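Letters are used for the chains, namely A, B and C, taken in the order the chains are written, and counting of residues starts over at 1 for each.
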Amino acid sequence: MTDILQKIPEPGDVDQAMTDEKKIISIDDVSIHYGAFKAVQNVSLDIAQNKVTAFIGPSGCGKSTVLRSINRMNDLIPSASITGKIFFDGHDMYESSVDPVLVRREIGMVFQKPNPFPKSIYENIAWGARIHGFRGDMDELVETSLRQAALWDEVKDKLKQSGLSLSGGQQQRLCIARTIAVEPKIILMDEPASALDPIATGRIEELILELKEDYTIIIVTHNMGQASRVSDYTAFFMVDENRSGYLQEFNITEHLFLNPKHRRTEEYISGKFG
Amino acid sequence: MDITTHFPTGKIAHERAMRRKRIGYVWQILFIFATVIAILFLAILLVSIIDSVFGYAVMADTLPVPTLIEGRESLDELTRPELESLLKENLSRGMLRKVTYDKALEDRDGNDLKALVEQYVIQPQVLRTWGLWASLTEQEEIRKFAEEHPGSYIMFRNWMTPSFIIAAQSSNPLIAGIRTAFLGSMWVLLVTFLFSFPFGIGAALYLEEYARKTRLTKIMQLNIFNLSAIPSIIYGLLGLAFFVRVLEPFTSGAVFTAGEAAVANGRTILSGGLTLGLLVLPIIIINTQEAIKAVPDSLRQSSFGLGATKWQTIWHHVLPASIGRILTGAILAMSRALGETAPLVVIGASTFISVDPTGVFSKFTTLPIQIYQWSARPQGAYRNIAAAAIISLLVLLLVVNSSAIIMRDRITKKKRLER
Amino acid sequence: MKSIQTHPFNKKLRIHEAFIEGALFLFALLSIAITVSIVVILLRESLLFFESDEVTISGFLFGTKWQPMIGYFGILPLLNATLMTSLIAMIVALPLGLAVGIYLSEYADEQLKSVVKPVLEVLAGIPSIVYGYFALTFMTPLLRSLFGDDVVQMYNMMSAGIVMGILILPLVATMAEDAIAAVPVELRLASYALGATTLETSIKVVVPAALSGLSATFLLGLSRAIGETMIVALAAGAGPKLTFNFFEGAETITGYIVRISGGDVSYNSVDYTSIFALGLILFLMTFTLNMISREISARYQTEYE
């Protein structure tokens, strides 16, 4: 175990563990700029299918930026630019012929602050499906999505009520149901429980564990307990002296937490800095 | 994951996405189109007004030069003695006396005499006018029209000349000018400002700095909003019934100049200014409130922390910090008052007045009202001078608004340097 | 011997502070006085109006002829012209204003906004009399050449209505833009994240969410159109006429008030009191619209808190 800070994770345990896994996302030497400012530099990592991968790290380390680049949400920021490649199922996502609109159906996103539409609960879920040309029984889709999001029992009698009438935790599960309704392969979650109380947080964590059977989940969190409870793999991001983020370490969650390879990782995990 | 999906996949999905994108582009073009139309409206508006300011006019002289003096065709050929004698022969006694009273004929220069002869003796009439575009494209028709009227001649006129601006109101469109109306506007504006500015700022200061969140305060706020949104003509009705009628002794000046009450009535600049003052008052209040709200609370806190009283804090800290925005807003409110027509017509601004206003108790007319009267008359030349008057008004408004913006920029720059 | 304990922090009675506060309070009270005066005057003269022999309330409200010379005081011709011109104005201003508002809020970049917004401000600053002139000298001849001299009269409601629409367009566009921009960005993010296009996000998520603000815009624009005077005074016609043909001329409530008061009117005549009765109707209509609009705005602001 060396004390020298290294910017690129070393080959080792990770590759071993991941050889059996299907890599659904490959992030290959990706750097992201906001105008002239280098927000994230040279990130390379793979995401395993049907597993939960957590991005952890101090604030400003670029974990949300990297997350947003996976479903091309950074496109909405005019000054953002990206180099490197991101592969989804073998396809280069930033190739010029790729349509972000279609990408976002396959890769969904849940935000930090629950943001249901000011429509009925039913409509919140049906809307996304409808714009993508859903053919089939909408009622069934709404029910299935709400069941998968562990919300059905609580709202089945009030589907016509506004989504905003639910509690914070319920709203977030509604947002998850809405994301699931368009049948994505991957769900990105940007600190999904940080605006919720501990009980609601617990329910979201349970939900994540259930969802990973059908979906691949990448979750950004600043809560390390959550990361260790919920994720199979963890990527630890750090920020350098230029406030530029980079990937410090990436490993199977247990290994990263119990046996961190780098000093910085160990310091972060033991709470020496935020 | 190979469950059957209900969503279109592969090629169909792509086509669907393409179609949604295309629909998006079509609507985006519609939105851009709407924006372009808005800009186009402004352009068309300005162009059509400018178009009326220049153009051909077919004119005929009431007493053409050849009928006055044998052998002469045009005014320029007349000699000085001939001009003087024409005036003495053709003007009425009263008119001649008036003209010589202003300046004796002998003292006037040649051009002056020619202008007098033209105005009082020859008396050209305008038969019909054309705008700039029509002057360029309908030359055949213009020529035909002139031919149909023997003795007429075609002249290219620019209706907006310096003499237009300084001439007084007149029933003859050829010599009418906007001086009377302009002065009326300025006097009314003065009264409006003197009335609405202190009351507006005072009310805003009360609402922002002193008032507690009581029911009365909420009602006041709601009321001010309503006042800012009611039609301006209602203020005219208020002014008519109150300032012109009820307060007639004051607004006509009779109280102050007892004895001259012969023609005095309340339809004076004072009434007009007070009416418009009420109209712009809510605007000034709302704007000043915004300016005061923008002053950071930390400024007040530090003042109070040093033991200053409320008024000291307001006078020494809050007002200086917000005065830039307050003044800008007040000037913009004045520019709104400059353009108002309906309330002043209702309170009875004069339909025809050629005497310059001399004080707040004078009868008056304003630039917008002048435009209204000239626009309403279908005879050719009135349209043209109305257009010229509109350009004058727009230029005036531009000057006022620009000075407001320049002042705001100057004050904010000064503040930034003080930091 | 002092009976009152004195210490350095005794409260002083600052008379001039109290005086200033009192004076400023009176200034603020002036605003209420204005409204009260308006209401009192309108009511008083209207009362005189209805007391005169030739006038009955039902005749006023439901009469279809307004010809004071022969004793007819039915408001319907004037009201009809007001509503018809306002309708045309809204048809012009609402779709265009909404489209401009959506474009400025959801699509346009800073450079474009810096061009369009000043244009809207300039349009908003042009006095209505200039629009009136424009209606008379440009719009009416244009309509007449498009539809024929025999179809479109010299003074007609269509011309005045269209130009009135141009007049209120800047107001509608700016208010619409504000209402749409006020929708929280999180809603847009959620929509984009689901894979919606900009159009779908704007029209299906953002605009419905801004509906209350847009309703307030609509009501305020309508109120403005109803109260507009100079455009209709110059271009819509100078005689009350009950007609549903937009190309005919008909005088509106405001046009009538301005025509009568601009002439010679003696204070004790029924003509004089009639303009106040009409003013009362005008005030009630615009007051109601303004209040509903304000209520809607206030309500939607709390929804997102």
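Everything below uses one rule, namely that a contact is a pair of C-beta atoms (placed from the backbone, for glycine too) under 8 Å apart; a residue touches a chain by one contact, two chains touch by 3 or more.
Owing to the predicted nature of the structure, the values given are computational and were not obtained by experimental measurement.
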item: Central chain (by mean CA position); value: C
item: Chain whose mean Cα position lies farthest from subunit A; value: B
item: Separation of mean Cα positions, subunit C and subunit B [Å, integer]; value: 20
item: Inter-centroid spacing, subunit C versus subunit A (mean Cα positions, whole Å); value: 50
item: CA centroid of subunit A to CA centroid of subunit B, Å; value: 61
item: Subunit A residues counted as touching two or more neighbouring chains; value: 101-102, 105, 131-132, 182
item: Overlap residues in subunit B, where contacts from two or more other chains coincide; value: 20-21
item: Residues within subunit C bordering two or more other chains; value: 197, 200
item: Complex contacts: residues of subunit C adjacent to subunit B; value: 14, 16-17, 20-21, 23-25, 27-32, 34-35, 37-38, 41-42, 45, 95-96, 99-100, 102-104, 107-108, 115-116, 119-120, 122-123, 125-134, 136-138, 166, 169-170, 173, 197-200, 203, 220, 223-224, 226-230, 233-234, 254, 257-258, 261-262, 267, 275-276, 279, 282-283, 286-287, 290-291, 294
item: Residue numbers on subunit C that touch subunit A, as the complex places them; value: 109, 184, 186-187, 189-197, 200, 204-205, 208-209, 303
item: Complex contact set, residues of subunit B against subunit C; value: 20-21, 23-24, 27-28, 30-35, 37-39, 41-42, 44-45, 48-49, 52, 198-199, 202-203, 205-207, 210-211, 219-220, 222-227, 229-234, 236-238, 240-242, 245, 278, 281-282, 285, 309-311, 335-336, 338-342, 345-348, 351, 368, 371-372, 375-376, 383, 386-387, 390, 393-394, 397, 401
item: Of all residues in subunit A, those that touch subunit B in their complex; value: 99, 101-102, 105, 129, 131-136, 141, 182-183, 185, 214
item: Parts of subunit A lying in touch with subunit C, wherever the complex brings them together; value: 71, 73, 76, 78, 100-105, 108-109, 111, 113, 115-119, 127-128, 131-132, 164, 175, 178-179, 182
